[in-house]
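Shared between the two complexes below is chain A, which has chain B as its partner in the first and chain C in the second.
Let's turn to the complex of A and B:
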């Protein structure tokens, strides 16, 4: 009897060991990735913000808060950061207001299985499955070459491309950003709407509720958690959004008046691909932005929790 | 069952781990793609030498041709035990072989010819082999008495040896930007200036002596001053043509880079070199509100180098850009800034053949003709006009001051960061060094020019046989190289080495702060009426003020 028990214990220990090995084998690679690409990268950025790079010597040295002091200097000397902040907020608000507003309406239309709803769903979601660089290239050619050509054919008037014309280029970029983000939102919201119990909607129908009434009283409150999640993630990414400016203009956005914070950070590290000396300043600016975005994100989260 | 599951999961995890560990960087590049030399596949009886090159405007053909000649020359020589001869494999890739990409990769080729090279970063990471013996050694094996170092501009010598007095790279190609003109169109329409300073009415009329002030040279009839250039633009517009074709997007900075050579020509090589030595006396302009200026001689040191932002030649070049180039809206197509540089080239080439939408000049780099091979091919396909039957030439730079005509040399700034180097990882160091030497002999430098219609950033003569095969554009580039002064924007000062972006030509010469807004492109600022020449000039001094300077350590 004792022998059987001992055999069972040994077998159980063996199984335990195998389970541990299995778990370790399964988790090792994701954990390694997390350590390198999240902890390592962010820790490096954090340290980099307090360093400077000497290209001649090929060495980094600690410079305390010097990079942060340069942010202050830049704020007093040029409007680049202020323009970038303003534009980042404009992009965010437009994405949020127009994007979310129209996306919920379209989602509701699709949810109600109205005429061509599925076709709209397909058309709207199509941009989301194509690579962004392909879409931006298509839009660039359309806005800069096709539209002037069409204008010339139809009205015999020569006009500048939408992304070149200084009066409208930022609005063209804005339109593109709202349009390109639309499909993903529609998919999310229509998915959330499909979770609403059909019996609730049937009850509303029996009570004679209009479409608008159902939308504001049932559908919108039901999908608020999804809208909230989208809102929260957009606040967290406020300063990372380069609004596809790099894809449209590369490092040559015509003036700093059109920068966003995300683009400026991108520009700092990519304007001269063979120069890494501006990485520390970009890291400091990134941390400064985090100091703004972090409390903002928590405040928005609190606010969303109150809705829910 | 559990054991089987465990075994299976371990296998899956191992495969995932293994595939994850093999990054694209460590995967050998497929050698079958874009290989050159006269042997696309490796011959095991010969030593294999691999070369990576940036496949941009210069292409790879010049290197493949050089590789073939090298293979023939050393067909009977052994470079490793048991093997005789050499196979040189050329691998041309664009982004993958740019200096910026290579910096963060393991170098798998023996030699690289590329651009965007941050020389000191490569050095500090130990990526380049010491080739001092190649650069300073005799080329007598190739029948030359000079060394590669002798062919280098002093700016290159001091820059390349600034770290430890050793050479790790050789200059690659010249990158001038400027104005290319359609010679066929100019001849057909007689877009030349006569002795009276006006455009001639028929081709038999005597032409002016051009910027060099000498009759009977290739620049006869071309504008020698800004005023004459304006006359030319008027004549082109009157003929119903568009004076300039130019591109937007990645090439939107071509106009300012072209105008930099107007600035340099106004100043001369010695004055321009002050921007890189920060040691000497410069003329500094004080521009009055009415646009006139006076100059004062100022001693430039490392402490006050930012004062060079007020060089008068820069103000004059900005005036040219604002008042002449952009002086009339029809000098450019309204939508010019939307097209790609390839389309701008196609528009420029095709106009003459299709007899409508004609452009007289193109703003582009000295490499444009090689880069436009596809455009030439499509023009031939559509209109039956071959590249060999078309004639283009480099427009010499007119002078701001008429008194300089025939007195001052044209001055160009070669704007790129391109180098050739031997990888420190090479297993065939001696052979790689020999190839590097070979490609820098006069004969090979001349062959490079014959193949690409442009020049390497070294001093050499193009041989008569290569000259005979050059296009008219390439001949004009060779003449430029022979007669003009060339500034190579490299400095051995630590302050400049440590801030390559701040001292890049685009930023150092053209960044400006106007009404608290930063600009790096005067052409766009003028087009959008954000500034005039004076405000841009002063804005440039504001951008690079004392506080900017004090931040550069």
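Let's turn to the complex of A and C:
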């Protein structure tokens, strides 16, 4: 008996060893990749934020908090960062409020398999599949050439193209962002709605609840965790959103008043690919934004946990 | 028709017309119209004569003659100029498409296989490290790290990954993100009895993964691959930064729409070129639309 047990123990140890070897072999590369391109990159970003690049010598040197002091100067003197911060918040709030409101409504329509629901679902998802350059080019020419012509034909007044008119340029970009931003949210919310127990909806039907009542009293509260997940990811991406400014204007947005933080960071690094002197400042700005977004993300997370 | 059936019919009629859904339908209709009208306008403009559009101001009307030659002009002039060794090379449409295939297929494979394998190990091997990896994914997803691009470029240059396809494939082979959770949930739903039975029959770990688990998860695998492929195909900002000598089709579109070269400076030709470049991904999206629109469940629901 003892012999059988020890044989079993030996064989189980042998299986474990094989499992461990297999596990280590498959896990090795992803972990190495994670160490280099997540931990390594972010650690390097932290070091970079405290350095400066000498374009004549082609070398980096430690400068302490100089880059962070420069951020302070930019906030108080040139206002570029203040504009960028304000615009990033406006884009985030509008995407969240209008995007979530319409996306939940549209998802409910699709979930209830109403007239042309499948067709609407496909059309709503199209902007997520098509290249962003196609959409921005179409919107750019339509807003700059077709809409002024339409306005002239209908009202006999001459107006500037929406994306070239300095007074409304930013609002046109904002409209575009909300306008094409539904697809992914609709998929997410209709997926969550499909998980609602049909018996709950049937019970509501039997009680004579209207569609609006079912939406506000059953569907919306049920999908709150999914809405929360979307909200959380949007907060985390608050300072990375370029609001498609690079797609519309490349590296030449007509005025810094229209910048967002995401665009400004990308512009600093890519305005001239051969110039790496702005890397340290961009890294410092990124870290400063991370320190603003971090408590915000956790505050939103705590708030979402209350719903759940 | 008896009284009962008439009442039933009336009741059904009452239930089918709903003001709430009617209002949503109207909003949805207007919204989809607002999406489709610019698409139709773009197509009609792309077949207009340049003079008709610019001089005769036929911006909104029907084309007087269908100028399909705009597409040929766009094709001929669609190139990306790249400076190398003091010379300028013109990368034309077939070359751009080939680069797009290399970039998007390679990155999509890397960005699909890596989270799939790591999720499999975490879901099916109850080691302590699996819990650590799962926690890392959750923490990384909620950490709003901003502005790591300069550091990443530096790192890729240091490791000689910069401006190479294999370099960008390796950079994209990370397991962090939403697809890890999608795969994790999928592998958790596959009964452990399947792999145990295979192991009793003498199958190795590799064989269990290859011949038992992956075939069962192939739908999820394919959907995630497709979603990744479409994302990478449409992306021009990452190749613009990391593959400066290997321009892709999406980057070509970006340059084309901003180009000031005389032949393509007119709106009809510009729009023809953009539409032409969109055809491959549009076809793929239409063929696999059902799979691409698969519902992704994140966050669950409140019971």
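In this section, the second predicted complex is superposed on the first by the 273 of 308 C-alpha atoms of A that agree within 3 Å, B and C clash if a C-alpha of one lies under 4 Å from a C-alpha of the other, contacts with A are read in each partner's own complex, and residues count from 1 in each chain.
Methods note: a residue touches a chain if its C-beta (ideal position, glycine included) is under 8 Å from a C-beta of that chain, and two chains touch if they have at least 3 such contacts.
Quick caveat, the model's predicted, so the values are computed rather than measured.
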Following the overlay on chain A, give me a clash-or-fit verdict for chain B and chain C.
clash
Taking the superposition as given, does A:206 touch the first partner, chain B, the second, chain C, both, or neither?
neither
Report for A:105: first if it touches chain B alone, second if chain C alone, otherwise both or neither.
second
Touching partner for A:77 - first (chain B), second (chain C), both, neither:
first
Partner chain(s) touched by A:159 [first = chain B, second = chain C, both, neither]:
first
Which partner, chain B or chain C, is in contact with more residues of chain A?
C
First, second, both or neither for A:272, with chain B first and chain C second
first
In the overlay, answer first, second, both or neither for which of chain B and chain C A:18 touches.
both
When the two structures are overlaid on chain A, which partner does A:28 contact: first (chain B), second (chain C), both, or neither?
first
After superposing on chain A, which of these stretches of chain C ends up overlapping chain B: 189-197, 261-269 or 279-287?
261-269
Chain B/chain C common contact set on chain A
15, 18, 22, 26, 29, 33, 145, 250, 273, 276, 278
Sort out for me which residues of chain A touch chain C in the complex.
15, 18-20, 22-23, 26-27, 29-30, 33-34, 36-38, 40-42, 44-45, 48, 102, 105-106, 108-109, 112, 114-116, 120-127, 129-134, 137-142, 145-146, 149-150, 153, 179, 182, 187-188, 190-192, 194-196, 210-212, 215, 221-230, 232-233, 235-240, 246-247, 250, 261, 265-266, 269-270, 273, 276, 278-280, 282-283, 285-287, 289-290, 293-294, 296-297, 301, 307-308
Under the definition above, what is the set of chain B residues touching chain A in their complex?
2-3, 6, 9-10, 13-14, 16-17, 20, 98-101, 103, 116-118, 120-121, 123-125, 162-163, 248-250, 252-253, 333-335, 337-339, 417, 494, 497-501, 504, 513, 516-521, 524-525, 528, 530, 547, 551, 553
Tell me, which parts of chain A touch chain B in their complex?
15, 18, 21-22, 25-26, 28-29, 33, 52, 54-58, 70, 73, 77-80, 83, 144-145, 148, 158-161, 163-164, 166, 249-250, 252, 254-257, 271-278
Can you tell me which positions in chain C touch chain A when the two form their complex?
18, 20-21, 24-25, 27-28, 31-32, 34-36, 38-39, 41-42, 45, 57, 59-60, 114, 117-118, 120-121, 125, 127, 129, 133, 136, 140-155, 159, 170-171, 173-176, 199, 204-206, 230, 233-234, 236-237, 240-241, 244, 250, 253-254, 257-258, 267, 270-271, 274-275, 277-278, 281-282, 285, 289, 292-293, 295-302
